[in-house]
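One chain, subunit A, appears in both complexes that follow, with subunit B as partner in the first and subunit C in the second.
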Partner chain A sequence: MNTHHGSGSAYGEGIAAALADGWRFASLHATTKDEGRMVRTLLSSKDGDLRIESVTAAPDSVPTIVDLCPAAGWDEREAHDLYGVGFDGHEPLRPLIDHDVALEQFATPVQGHDAYQVAVGPIHAGVIESGHFRFHVVGDLILHVDARLFYKHRGLERAAEGLALNDALGVVARSCSGCWASNAVAYAHACEGVLGLAAPPELARSRTILLELERVWNTLNDISAICAGVGLAAGTSRFAALVDDARRLNQRLTGHRFLFGSVAVGGSTLDVDASAISDARETLARIRSESSRAWKALLFNGSFIDRMPDIGIVDAATASTLGTVGTAARAAGVVEDLRTTSPRLAYDDFEVAVLRRQTGDVQARLEQRALELLPCLDILDRLLDGPVRPVASVRAEEGASIGVGRVESPRGATTCIVERDGDRVGRVRLRTGSYANWPAVAHAAAGNLLPDFPLINKSFELCYACVDR
Partner chain B sequence: MTSQSASVAVTQIAGGLALSPLLIGVTQQAKARLQGRRGAGPLQPYRELRRLWGKSGVDVEGTTFVYRLAPVIVAAAMGAAILLVPIATGAPRLGVGQDALVLAGLLALSRLAVCIAAWDTSNGFALQGASRDLTLSVFVEAALVLSLAVAALVAGTTDLSGVIAGTAGGHLWTTPALALGGVAFALVIVAETGRQPVDNPDTHLELTMIYEGPVLEYAGRDQAYLQWALAARHWVVLVLAAQVFLPHPVGTWWQLALLPVSLGLLCIALAVTETVLAKMRILLVPRLIGVGAAVALLGIVTWLVETA
Partner chain C sequence: MLTLLRDLRNLRRSIALPAAASTGSLAIRHVDCGSCNGCEHELTLVSSPVVDMARYGLGIVASPRHADVLLVTGPVTTRMHAALLTA
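And then the complex of A and B:
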């Protein structure tokens, strides 16, 4: 991994040149060093190479890069709210985490005849996390949505600072239950990068199994949520039952329904004996056949299928611009999956599932999920061929001051950056797939009807907790 | 008043007032079973009503008597509808007549009361629900009036007691017009009871609500009135469906005896459609109901051609 440190204008030029060379934005965060506040931008290439461009805030602002890559919008707003770094040229730099501001400062002004606002949340009628959605509408037509999250920002990144690398894993991965394994593995990879450790095949296998177990229940849960979005109770219950089957399997294999505690830095303590493996294979085979049947029932339900196409569209160009990741991006035709470039994991010869109809609408996102479920079960089938034993990482190279871990979570690319301070965490940044995709939800909603928004939202099925970390 | 008409009147009033929540309960319970859930039992609506009745209502700041009166007006309109819709041919007039068009007026009155109250609160969700409800009502009322017109033509009267008598026996099997009217009325049932694919009675998603939207602000006793009124609305349209558009026998006693069976079957039918159908795109709903109205119109034409 290359790291560059440039002054103000060199930083912007360096990033512009890299983006022109085909590098993509992956993350941006601010950090406090002895010499002052600093902003680091992580870029990635299609082959999985990484480079970091750093710039020192002089005295308290740096050039913005949102004009080069709008995907950095949230990152810069967050850096401003949490570290007080200004971004020259990012206008208006609206608050993201800071809620103690006037309405006009976070809501986009909408003018015109008959336009009015509908405010939803942060307290919802269902079991939903806290998020405020301000719809600017004319009649039932959505003109624009301002989403305001971070109601339960817990400061987990700050809480992890100063902890030993392995102890901080519990704090960082607590960001979200639904993505526990993804966040934990991304963090572990970042730490192992810092420590110069490599993953032996057994460790890669153990972690890949956990990641795919997480993907199985999340994918089923996403499909169930889409059914709930159109009030199709039969589909909702059927897939929800499968979700619980998958979570119970997690419980039997790792002692926790959401896989808590199954990942560690520098090795794995996961111990699954032969009988548990055969139980897992049986359960997954049942989930495979039952989910296929349930999926067919959905396909043959005209009233359900009729709701899916042509709403909530995020096309390929928009997805690239906004930095959309995961199934949402692949459904739009941006064929990217970190599982193709994960040498630390056991995704041998992984091929991205490519949808025939890449329209980026609700139907495409639904079908992309269904399409990815079977390869995911295939991977588990291949890896669950014998007992899983505890294993330790091996020292491969000199340690580094900064480590990066990137993992394809059920919601898309999750990036974790760890800066060390001796043998402790100096700064950790977790940028999850949900964090990357929320701007796309707001974009997808515009131009659609208000009663379709719950369905559009559920077709992304993003975490709030992954953002409010 | 003969003993027969007296017992019909007693059944009608007691059934409409007290048994109508059971229709919702049976539907919900059947739905739960169909969806693999245990369900709360068919008596759950009564528990809900008891709970709500025990709580005080809440006034939204800045609202007027319009908001305060709406639940009572809705409940009174549905109470009158219960008196109006006879459950069998021998039903006596209970002071409000038995004219089919008055029923359409009462349903419109209860809808209007709720929608004006939504305006009074100026709650965004309530207004949105009200505007959707009023838009749909244009089509629902057309389908309702036209399907009742088919039955009225067949029976030769708009008096509902006469309509029940005129459509009794083997009429349904020999009168295609009545079957067409029945199809239109089936869509009216779905729309008037706020069920899928038109609306989702179980949703918590405010953005998608139609009938639940305008009443979001009501709580406690006001909510009890509204929930009872919704149950009464189920009673009125399902009784009409059972005694006009479903096969029903000629004799009053037979009609009374078979009514619970027909109502039970209709509740199960509602549960089945609500389980297997997703909610429609909102802009397609007027088209669906409009098709219902057109089918009823076809029924009228069929009848006119047949009798010409």
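And then the complex of A and C:
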């Protein structure tokens, strides 16, 4: 990995040149270093190469890159709220995590004949995580949405600082149970980068199994949620029962329904014997046949399918601009999946599932999920070919001061950056797929009807917990 | 649609659920105050056919005004403090 430290304008020029060269924005965070603060931007290439561009805040601000890559918008606002770093040229720099501000400061001003605001949340009507949405509407038509999240900000990144690398895994990964394994593996990879450790094939296999087990229940859960979004109770219940089936399997294999405790830094303690493996294969085969049966039943339900097309559109150009990741990006035609560039995992010749109708609407996102469930089950079928044994990483190279782990979570690319302080965590940043995709949800909602928002929201099915941390 | 309903019926018959409650009910209002999302995922599933808490007279309601129980998940973050008090 290339790290480059520039000052002021050199930093902005370096990033502009890299973006022109085909590099993409992956993450931006602020950190305190010795006497001052600095900002680090992580860029990635299509082949999975990474480079970090750093800049020292002199004295309080750095040049913004949001004009070069709008995907960095939330990251810069976060860096400002948590570290007090200013971004020259980012106007207005609205508060993101800081809630102690007047309404005008976080909401976009919308004026016009009959325009008014509908405030929803932070507490919602069902069993939903806490977050506030401010809809600017005329009648039922949504003009603009301001999503105000971070009601669940627990300061987990700060809590992890100063802990031993392995101890901090529990804190970082626990930012979200829905993406626990993805967060844990991304963090473990970052730490192993710091320590100069490589994953032997058995470790890669063990972790890939966990990631795909997580993807199975999440995918089923997403389809169930979309059914709930249009009020199709039969579909919701059918897929919810399959989610339960998948989570019970997680419990039997790892001792926890959300896979907690199954990932560690520098190795794996996961031990699955032959009888558990055959149980897993049996359960997954049942999930495969029952889910495809239920999926066909959904396809033949005209009133359900008719609700899906042309709602909540995020086209390919918008998805690229906003840095959208995961199924939401692939449904729009941005065919990117970190599973194609994960040498530390056992994805061998993984090919991205490509939808025929890449329209970036609710229907495309729903179909993309159903499409991706099958290869996911195929990967598990290939990997669950024998007992899983505990294994340790092997030393491969000299350690580094910064490590990066990137994993394709059920919601898209999750990036974890760890800066070491001796043998402890100096700074850790977790940027999950949900974090990358929230701006796309707000974008997708504009121009649609207010009653369609729950469906649009469910078609992304993002976590609040792993955004807020 | 019939396939879905038939599968659900068969699923229900295959699960040996304990007898449903004959008396009493409890209306629950859930407030997330900074959980890891695990409680929400599991709370959604206890309404699914496999557990079906409605059999025991337990239900999630949309407003604290309708509720007997306020179910708080998470450690209560500073940003949720005021909202929780309102609820």
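Just so it is clear, the second predicted complex is superposed on the first by the 468 of 469 C-alpha atoms of A that agree within 3 Å, B and C clash if a C-alpha of one lies under 4 Å from a C-alpha of the other, contacts with A are read in each partner's own complex, and residues count from 1 in each chain.
The criterion applied here is as follows: contacts are C-beta pairs under 8 Å (C-beta built on N, C-alpha and C of every residue); 3 or more make two chains touch, one makes a residue touch a chain.
Keep in mind that this is a model prediction, so the values were computed, not measured.
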> Putting subunit B and subunit C on the same copy of subunit A, do they fit or clash?
Replying inline: fit
>> Looking at A:E129 after the superposition, I want to know if it touches subunit B, subunit C, both of them or none. Which is it: first, second, both, neither?
In response: second
> Which of the two partners, first being subunit B and second being subunit C, lies in contact with A:V354: first, second, both, or neither?
Replying inline: neither
> Once the shared chain is lined up, is A:A465 touching subunit B (first), subunit C (second), both, or neither of them?
Replying inline: second
>> Just checking: does A:R247 make contact with subunit B only, subunit C only, both, or neither of them? Give me first, second, both or neither.
In response: second
> Thinking of the overlay built on chain A, is A:A396 touched by subunit B (first), by subunit C (second), by both, or by neither?
Replying inline: neither
>> According to the stated criteria, A:L449 is in contact with first (subunit B), second (subunit C), both, or neither; which is it?
In response: first
> Of the partners subunit B and subunit C, which touch A:V230 in the superposed model: first, second, both, neither?
Replying inline: first
>> Quick check on the superposed pair: does A:A58 touch subunit B, subunit C, both, or neither? Answer first, second, both or neither.
In response: neither
> When both complexes are superposed, which of subunit B and subunit C contacts more residues belonging to subunit A?
Replying inline: C
> Can A:V118 be said to touch subunit B (first), subunit C (second), both, or neither?
Replying inline: first
> Once both structures are aligned on chain A, how many angstrom separate the closest C-alpha atoms of subunit B and subunit C?
Replying inline: 5
> Shared contact residues on subunit A for subunit B and subunit C?
Replying inline: 125-126, 234-235, 237-238, 241, 301
>> Give the list of subunit A residues in touch with subunit C in this complex.
In response: 99, 122-123, 125-130, 150-154, 174-178, 221, 234-235, 237-238, 240-241, 243-244, 247, 257-258, 290, 293-294, 296-298, 300-301, 463-466, 468
>> Give the list of subunit A residues in touch with subunit B in this complex.
In response: 116-120, 124-126, 139-140, 227, 229-235, 237-238, 241, 301, 303-304, 306-307, 449-454
> In the complex formed with subunit A, which residues of subunit B make contact?
Replying inline: 31, 34-37, 124-125, 128, 131-132, 196-197, 200, 202-208, 274-284
> For subunit C, which residues count as touching subunit A in their complex?
Replying inline: 1-5, 7-8, 11, 30-38, 40-45, 47-51, 60, 62-63, 74-75, 77, 79-80, 83, 87
